[in-house]
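A, B, C and D are the chain letters, set down in written order, and residue numbers restart from 1 in every chain.
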Amino acid sequence: ACGSAPDSGSDATGEATGGAEATTAEAIDVVDGFKACMVSDAGGYDDQSFNQSGKEGLDRAAADWGIATNAVESTSDADYGPNIDSLIDDGCTYIIGVGFLLAPAIAEAAQANPDIEFGLIDSALSNPDFSPLVLDNVKPLLFNTAEAAFLAGYAAAGMTQSGTVGTFGGLPIDSVEIFMDGFSDGITQYNEDNGASVTLLGWDKAAQTGSFTGDFDNQANGTTVTQGFIDQGADIVMPVAGPVGLGAATALQSGGGTLIWVDSDGFLSTDFGDITLTSVMKQIGQAVHDSIKDAAEGNFSNEAYVGTLENGGVGLAPWHDFESKVPAELSAKIDDYKQQIIDGTFTVESENTP
Amino acid sequence: MRLELRGITKRFGAFTANDAIDLVVEPGQIHAILGENGAGKSTLMNVLYGLYTPEEGEIVVDGVPRTFAGPGDAMAAGIGMVHQHFMLVPVFTVAENVVLGQEPMARGLIDAGSAATVVRETAESLGFHIDPNALVGDLPVGVQQRVEIVKALSRKAELLILDEPTAVLTPQETDELIEIMRTLAASGTSILFITHKLREIRAVADTITIIRHGRVVGTAEPTTPETELASLMVGRSVSLGVDRAPAQPGEPGLAVRGLVVRDAHGVPVVDDVSFDVARGEIVAVAGVQGNGQTELVEAILGVTTPEHGSIELAGRPIDGLGVRDRLDAGLAFIPEDRSTDGVVGEFSIVENLVLDRVGAAPVSRGGALDVAYLRRNAAERVAEFDVRTTSIDREVGTLSGGNQQKVVLARELSRDLSVLVASQPTRGVDVGSIEFLHRRIVAERDKGAAVLIVSTELDEVLALGDRIAVMCGGRLVGIVPGGVSRDVLGLMMTGMPPEEAARQAAEHHTLLGEADLAAELQAPDGEPAVVQDGAVVQDAAVVQDASHESEEQR
Amino acid sequence: MTATLDAPTPAAATAAAALPAPPPAYRTPIVLAVLAVVTAVMALATPAGATNVRISTNTDLFQIPVFAVPGRATAWLLTVLVLAAAAYAFVLARGRRRIPVWVIVVAGVCALLALLVLISAGKTQVVPVTGLLAGTLFLATPLVFGALSGVVCERVGIVNIAIEGQLLAGAFAAAVVASMAGSAYVGLIAAPLAGVAVGALLAFFSIRYQVNQIIVGVVLNVLVVGLTSFLFSTVLRENPQLNSRTALPTLPIPLLSEIPLVGPVLFRQNLLVYLMYAIVIALQILIFRSRWGLRLRAVGEHPKAADTVGIDVNRTRWRNTLLGGAVAGLGGAFFTVASGLAFGKEMTAGRGFIALAAMILGRWSPTGAVAAAVVFGLSDQLRILMATLAVPVPSQFLLMLPYVVTILAVAGFAGKVRAPAAEGIPYVK
Amino acid sequence: MTTAPEPGGPGPEPSTAPAPVEPEGPTRSESFVHQVLSSSWLLTLGAILLAVILGAILVIVTDPDVQAAAVYFFARPGDLFAAAWDAASSAYVALFQGAVYDWTASDPARAIRPLTETLTIATPLILAGLSVGLAFRSGLFNIGGQGQVILGGIVAAWLGFQFQLPAVLHVLLAVLGAALGGALWAGIAGVLKARTGAHEVIVTIMLNNIAGYLVLWIVTTTLFASGTPGVSKAVHDTARLPALLPAPFRLHWGFVLAIVLAVGVWWLMERSTLGFRLRAVGANARAARTAGISVARMTIVAMAIAGALAGLAGASQVLGTEGMLTASVAGSIGFDAITVALLGRSRPLGTVLAGLLFGALSAGGRLMQTRTGTPLDLVLVLQSFIVLFIAAPPLVRTILRLPDPEKKPSRKRPARGDAPAEQAGAVA
């Protein structure tokens, strides 16, 4: 096709309706003028983490049902309000804010624009006195990540050769610490169950202190922190630091360690599939996708969506390459806990739960 | 080398610094160029050395016309230059400075050994010794100058330009320099010797070219009478001998007791100095630059903390006070380097005229500047001190040095002052202004201020000092009455005690002193070109009609 | 200076810095004495019990078993060492002699070690000395490159605030070109070229147009962040194959890499780190002893003097600004190919500014810059270790540690630094 | 001596007559006229134009449609040009609409909203820009705006939610507290510089990082934490800087504060003794010292005032725009402020204008992103090119072939090294 022009009938504008290629999803009845939009937090859509997952959900919705979408990126906290506003301006009818940092901006916009629907990932709204704030036109999309992280912790404790595992975060913020809390609990549980003494480096749940690299940018810091864990004998590490986790992966790769990824299935989304034991998945994309479907069909509700092991909103990724290496009884025990959590007979608690 | 300059013209914007200058230097000749400040001497030399490209004219070396794109070309053509402001890197060693640009190499790195050898051998051929490994910044200026000469000669210069080389030397050091110049000339090196001091020219030059306002206004022989040279150089006759009454010392003004100041290395740079200046008296401090005068006045001002000793201002100890309080106590201060210490170049004349008294009425009230007062003050001071400017709002940095200096003096002399400390009050100022500034300083004395003048120019010291203190190596060598002979001061500047200096000076004169004597003998009317009320006439501008002027003043 | 947008030239800045009368010569000894007191306090606070130290890695030829060091005794020993350094400094200061940098370094390292003992004594975790050192080197690498770039540029009289931009441009170019070529080594060629491009802009504006160098530097940083992020969000997002992961292999040097302790740290590295050694050594020798270095320094100290001996000042500045750019650009490769990572937005995360600090702290000399970078890397390592050892301090405060250490170092020891005299001043004949 | 020879005259006789004229150098009033004549506005426009062109090139070459059309360039070159024009023009049109006036908006309020957004965003930039500019003129390079904004924000938030006070009093207290917070933080750098000579560039960079982690910690403390993680309690309404316009406009009194402070800084620097001293120290510290001005004290004072201004930028965010404290309250205000101050030549008027330009670019950038998907980073590229071009007028003249106003018969200043930047002219 090199050098030959496309025939003039179909031009670039054809793309906007490019829903044609969506094959898997069944068609839905989209409300007239529906437009689904998204605002990232300051991390931006390339964060290899929740902004990116959210955007994938949005893109998938566009592809599946041919709905109009728009996504804007924020570069700082000051951008949230104006970005939401420019989306309102742009004719969006359903606007999703990614990340708890957008909560105040979403609350404000929702109160000012009662006819527009909003979604908020990772946070519910609250009043200044900590009491929950429920607005008719805001749907919180929450994830009980600790549940899945618990399973990952259990798995890590069961799989470690050295009896030491580690975790670290990018910055000490709740959405990061919740992973670390669950992970820690999983290890404690394993030790209790098996009289083992697997130690966790990098997070002290009781004191809520631990290892952080200081930002979500400098991947080299992930490498050094992980190398520090390896030097202490750790052989499995769960970085909760977006792209900085890739730095951890390189250290694990050269140090013969194993990685537990977070947010997405690291086996698929990173280049480090061969050392990825499993991933703590937070199905933000799916939640976004589903909430858009509801809104598009006119079925918006302000009821919070809580991703749990039960509804598959959070989960442990498949073992992939490690399938053969994970002992059957460990795998079974993990499934067992999963079931108990789903049944409600076992709960994972974290003070960082949204 | 035979050098010929033909019709050299150099302009800076609309300003013509050199105007069709012709000049011939014969091999082995010492060719003096005489001209007052700003005449264009340095500019011409910079053209010759390839630093400036002339707008017009030709440089002919040994009959071949040359164009110099940069100093590299000039050096290649055998021209060496010792700049008025030394071109030495202070943090480099002597050897590094000398070989810079033509480094001897060994195994890819600079051959330190042969660099040192070059220094030693060149210095020895001129009859002195320099430590090649000394840091240039640590050396006295006189030695730095020798480094410059060694640097030029080590580049096989056949023509050596010396731009005002004697400004920083004691008379005795000047003698040594003259010896070196003669040695060089004898070995065939041509020398271009820039100065505005007539006595030096007479002592050493083979021929003289006089420049005024960028033009060659005449050539002369060393035998030409000083008066003639002077009027050629200045274009008129000027008196620099300040006509002043004898001092009438009153109460103590400034008292310095056992002052010791150490530098960063712990070396005492002011070493146990004590003296008094009474009100109504001028004490002039003579000495070669870098012998502690700077630190002495800085300690008086309070920007340097002395290790020992005390300072009293009008009988009141000021040791614990900061600069601000000392100024408020009646100290007026004229720093030696006006552009770095005296004025803020980017500030207007208006602002600079109140730089050290913004905090008090009438300059400000309630923290707000009184703009009307500032402008009125500026207009008055500019008129009073004859500051030449297009506007009082002009940035001081764009004024000429002399006018900048007038701004500093105008500021300091318009305050209530009991003590005036002035360093190099007329450095780089044109002849006419020197006269004016000196008169103003004497006027302050007569109003009852205690005045301390620090100057490296013996002429100035002799012109102003009621008493003269000489510093050497941080110590006060002695205090002698005004009007003593230059040779005595010169010897004291080398550290010799006054009595010894007086004895030796009587025994044999310096070359310059001899030249003076010779000139006296030659002077057409036999009138010695010296003294008037104990003040010495500045060589540069000879008094012809002193009588006329005295008449005027009567 | 009204003319130059009123940014202070560094010359003015340093002049101001040097002003408050000659600082007391006893400052360094006093600071060291304070440090000794702090160390003593730490020794007092050190719990009973031993610190487990490991100085070999699993892959070493000679395995040295983990051994225990008595905590309190070691802490006191370190205190004595710091005290000795302080005392020696006092003696030197009284004799008004220069206090050599190593005295300060020894005291600083001893104090840091005492902190290490304080946090690790009586704990089961080991102190992996090799790992600490290797991590220090790792963190110091980009800082060393950045600081060396600063040294070259500033020694020739051009203030290089654009180090951050040069590192980032280098990181970007290394990743993209290595991805396209499929070889990490090609990235090592592209990175310095990108740095040179940034250096060329710096030189163009500050030499040719005499724009204030601080302005140009600050703005170039913004420009590079803007450009790389823009390209990342457009071209690289659409063509992920342009930004894939390529890694420089580790090249252990036979024999040397088997030396206990230092072997694995220094000689089990990739090419970029070996290049760093070579550049540090070469610059340290060449700047002070070669023709190039002499002229470089002459131009930075007294350009007019250099001009009068036939050195083309502005050409010298141009060349060395480009060279400095190349060094920093090469250092940028650390973030991508040398770490085996793809490019990420703003992934240099302010290291260029830390490098600038290292250069000043290192007094404009290559070895000084290395020492400063190592101090920074070590304090960063220490805080990582503290977090790992679960020291009960909020994580946010641990994260501050390297920055606090830098401020203390600058305020305590490096105050009276002298920048090249002509730095920041354009040369016009 | 620089007096030109008077033709045939007797030379410079000392005289007490009113000063004769020296024919060199521009005076201040002259240079003002000169600046106007040299059409600095034209130059500024030229600089912006060049930056816009470079930005357009960047947009065009990275645009997928353009790349697609380039593949078959020889078959149908028109497509390429159309696609290129489309990519660049739509981005810039959106930028303009987002910054000034949006004629496509649904209602009049929305149409003029962009301009108010520009002013809102410009507010902290102007305040922090004044901070950097004041420090510059006092001879200090304050890279620490970021940290000072944060400290200002922390104090403003705390005073804002912790106390119950009458409206005017409360906001005054919170604003002053923010200024004090910024002043103290910057004062650390000032004191260290004055006492130990520690380079303010290093110290302020480090303080930025420390402040960043400090605020991260503080929003998690029980004192600050709200129901929403990472966000502090909201400040009371009594502590809010009141809105200037009704909702949906966000413009608040912070903007008025910024303008008033710009005037205040002008007065301080040009008309007060303190400003005089600060400028003297900045321009020539040695001469200032000789004139009895304490350089150390002025260093501390300058940093403190600069910190106070930056702290007010934090207050403007916390008490005005946002109403609460978040960990990234400073955004990139502290760094943008450096460029703003550089562009504004450290003068208050220039800083206000530069702040407005940057505010416009960032407000417009958001709409550009929303409408055309062009990454916000383009704004950074535009900003840096504008500053570079404005700092190098000869370059702009050469490229745009503008006449050189220097070429009139006025003597150039002797080699002071900075002459070319001189004509940067009034800016923006």
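As a convention for this text, a contact is a pair of C-beta atoms (placed from the backbone, for glycine too) under 8 Å apart; a residue touches a chain by one contact, two chains touch by 3 or more.
Source: prediction; values computed, not measured.
> If every chain is reduced to the average of its C-alpha atoms, which one ends up farthest from chain C?
B
> Busiest chain-chain interface by contact pairs, anyone?
C-D
> Between chain A and chain B, what is the separation of their C-alpha centroids in Å?
77
> Could you please state the distance in Å, as a whole number, between where the Cα atoms of chain A are centred and where those of chain C are centred?
36
> From the mean C-alpha coordinate of chain C to that of chain D, what's the distance rounded to whole Å?
Chain centroid spacing, chain C to chain D, equals 30 Å.
> Provide the list of chain B residues touching at least two other chains, using ranges where the numbers run on.
Touching at least two other chains: 303, 345-346, 395.
> Pull out every residue in chain A that's touching 2 or more other chains.
Each of 73, 172, 214 in chain A touches at least two other chains.
> Check each residue of chain C and list the ones that touch at least two other chains.
Residue numbers touching two or more other chains: 1-2, 233, 394, 396, 399, 429.
> If two chains touch, include that pair; go through all of them.
Contacting pairs: A-C, A-D, B-C, B-D, C-D.
> Using the touch rule from the top, collect the residues of chain C that touch chain A in their complex.
The contact residues of chain C facing chain A are 54, 125-126, 128, 130-132, 134-135, 138-139, 142, 232-233, 237, 244-245, 247, 250, 334-335, 339-342, 344-349, 351, 380-381, 384-385, 387-388, 390-396, 398-399.
> Touching residues of chain D toward chain C in the complex: what are they?
For chain D paired with chain C, touching residues are 58, 62-64, 133, 136-137, 139-141, 143, 192-203, 205-207, 209-210, 213-214, 216-217, 281-286, 289, 295-296, 299, 335, 338-339, 342, 345-347, 375, 377-381, 383-385, 387-388, 391-392, 394-395, 415-422, 424.
> Going by the contact rule at the top, pick out the chain B residues touching chain D in the complex.
By the definition above, chain B touches chain D via 12-15, 36-38, 213, 234-236, 301, 303, 322-324, 326-328, 333, 335, 340-348, 351, 355-356, 358-359, 363-364, 367-369, 371, 382-384, 386-391, 393-395, 397-400, 402-403, 429-430, 432-433, 435-436.
> Show me the residue ranges of chain C that touch chain B in the complex, using the header's touch definition.
The contact residues of chain C facing chain B are 1-2, 21-22, 25, 96, 285-286, 289-291, 294-295, 297-298, 301-302, 304-312, 421, 429.
> Going by the contact rule at the top, pick out the chain D residues touching chain B in the complex.
1-5, 10-30, 271-274, 276-277, 279-280, 283-284, 286-294, 409-414, 416
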